[in-house]
Amino acid sequence: MGKGRLEAFSDGVIAIIITIMVLEMKVPHGDDLAAIAPLLPVFVSYVLSFIYVGIYWNNHHHLLHATGKVTGGVLWANLHLLFWLSLFPLVTGWVGENHFAALPLALYGGVLLMAALAYYILQKAIIASGHGDSLVAKALGTDLKGKLSPLFYLAAIISTFFATWIAEALYVVVALVWLIPDRRMEKVLNLK
Amino acid sequence: MGKGRLEAFSDGVIAIIITIMVLEMKVPHGDDLAAIAPLLPVFVSYVLSFIYVGIYWNNHHHLLHATGKVTGGVLWANLHLLFWLSLFPLVTGWVGENHFAALPLALYGGVLLMAALAYYILQKAIIASGHGDSLVAKALGTDLKGKLSPLFYLAAIISTFFATWIAEALYVVVALVWLIPDRRMEKVLNLK
Amino acid sequence: MGKGRLEAFSDGVIAIIITIMVLEMKVPHGDDLAAIAPLLPVFVSYVLSFIYVGIYWNNHHHLLHATGKVTGGVLWANLHLLFWLSLFPLVTGWVGENHFAALPLALYGGVLLMAALAYYILQKAIIASGHGDSLVAKALGTDLKGKLSPLFYLAAIISTFFATWIAEALYVVVALVWLIPDRRMEKVLNLK
Amino acid sequence: MGKGRLEAFSDGVIAIIITIMVLEMKVPHGDDLAAIAPLLPVFVSYVLSFIYVGIYWNNHHHLLHATGKVTGGVLWANLHLLFWLSLFPLVTGWVGENHFAALPLALYGGVLLMAALAYYILQKAIIASGHGDSLVAKALGTDLKGKLSPLFYLAAIISTFFATWIAEALYVVVALVWLIPDRRMEKVLNLK
């Protein structure tokens, strides 16, 4: 199977996920600041999740770029990743509606953790299929960010039992770590 | 008509179906385990339906790969399949919200049955159009899974009158049967 | 502007329209026949609208196939068509929820009428742009179905003031007229 | 990174945004004019937003047409634009449900303003990446519409404190300014 349709399908699913998250922000009843104030925490969680889904789309794009033929194993590993990404709107809305309470924050971290593991499995499946570029294996070997992120999510989940602000800070930090160095790395690559 | 736009349109519809199913899991009110517990059965039914839609996307992809020109008959047979797939979110939500009660489970099986028949009709339409690869006719002839699945769905629908766990087990078994051997078959094909 | 991205965008919008219509069928509360009975009229209206949107997608595909470069006028004529198609889920749900009452049926016909006019304008815009195949102008000249359909919709709208079953019958008849001869015409074309 | 998948992803997101806006028009309960009357202001705001999103899709298309390789900076500038566009359904629904009250109108203008700034940043990012056509820089230099629009949005936001009809008029005027001259410009280009 060529990868074209897998890319197109993944793009479609991710585009829908990133857009329906906004549906969790219900149109408020009333036309004053008091009516819109409850939307603020949902908005903040939406911004964070938008960035996370954007990072996944970006990385997914680069990963498939370095992939040749798509086997059944890769296809299902990809669907597995999309499954966990599809839960982002739900946990994003739950975190926002409950003003960043402990349990929703822990579940949010759980979905982030599962998505990170699913992405790791997808990389492994591509390498195992024998159709992955040597770059995939090399990138996976030195992928410090990819290996540390799950530990950070785990730390965030545990921290929700003590202080929710630690979990919030960790989710923001990991997003920034993924967001910023990608652009620096790119400049390095362009200098070559 | 070329098949490119038919594939793209089908991909779009299936991507939307698989993603809006998650909208049936409403953001719970409250931030404790009691608030999220009612979501569990909906989550389980979501996982099952996600796998079923994934299987259909996978098979649909392979089927159209072996198809040349698309006639009006094939186009409408394809829309007919998409119609039944579009009902997955509704019956998935209904099964989950009612904790796998008899009637929702029977209706779930009914939609699975109609989708299986629609897929069969699509295969027949492709062969009848004369633009199908000889592989389509050959695959259809030996497609034991495709021929037995409707019988299993029928058995599941009938079993809901006696014991709902039989229907649940049958839906899971059929999904696994489709999920697992695809990968084994692929290995066989790769050995050639 | 090439037509590729216009086709892809239109496909995306139509795929979403045809799929979110099903969201108007809300998951019923309760697990017996009484709970699901109110869904039946919504289901019937969904089937009809699914066929109408399928017809539009099919015709739109053939129309753009015979179109070269896309001008700004064609682009906006296309968006105008998508606008009226985007109202299908709303009027479909309204017709179904009110068991085919007079006013919803009239509004349903109004949206069908506007979509038909928008399709006519799109054809005219393509011809006026000078980038349409000569087939477009020829097809438009002899397009009896395209010219009579708006009159039928108009008749259906007026009939809702007297007897709603006339409007219902007209909507079904027009859909069938579009559905069936397309396949016959195609056979004629294939015989050549 | 090639721009193909960025275009496809953006098209997907914009197609979903333009379509789910219609979901803010809830199916009314009741089958008379009184039931549907409350939908009218939501419908009017939907028409306006549909035109704005259509303008963005059109301009986005032309901008990426004049762009070569896509860098990480461009990718995130594009996601930033999609983020603000994704808020259109929310503010559109809020404006409509509150019959064009002051605060919703101001917020609507705020989202228009941020989307305009995001579009400006995207143009700058494309030029900075060095992969933009010289046309992009030239178009940006003489882009009077692009430079004045944010000022009009700002004026509209401020005017909501005094008279909401000024804001309404400004939003309509800016949409028309973008809508009409695009076609005139195109004719000029075709005359060359």
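As written, the chain order gives the labels A, B, C and D, with residue 1 at the start of each chain.
Definition applied: contacts are C-beta pairs under 8 Å (C-beta built on N, C-alpha and C of every residue); 3 or more make two chains touch, one makes a residue touch a chain.
Please read these numbers as outputs of a predicted model, since none were measured by experiment.
Note on connectivity: the fewest chain-to-chain touch steps from subunit A to subunit C number 2. Look at the contact of subunit B with subunit C and you find different residues on each copy: under half of the numbers used there are shared. Between the two copies, subunit A and subunit B, the Cα superposition rotates by 90°, quoted to the nearest 5. Here the spacing of subunit A and subunit D, counted between their Cα centres, is 27 Å. Residue positions 8, 12, 16, 20, 23 of subunit C are each in touch with at least two other chains. The touching residues of subunit C, when paired with subunit B in their complex, are 7-8, 11-12, 14-16, 18-20, 22-23, 25, 27-33, 36, 47, 50, 54, 57-58, 61-62, 65, 179, 182-183, 186, 190. Those residues of subunit C whose C-beta lies close enough to touch subunit D in the complex are 1, 5, 8-9, 12-13, 16-17, 20, 23-24, 71-73, 75-76, 79, 82-83, 86-87, 89-90, 93-94, 97-98, 101-104, 107.
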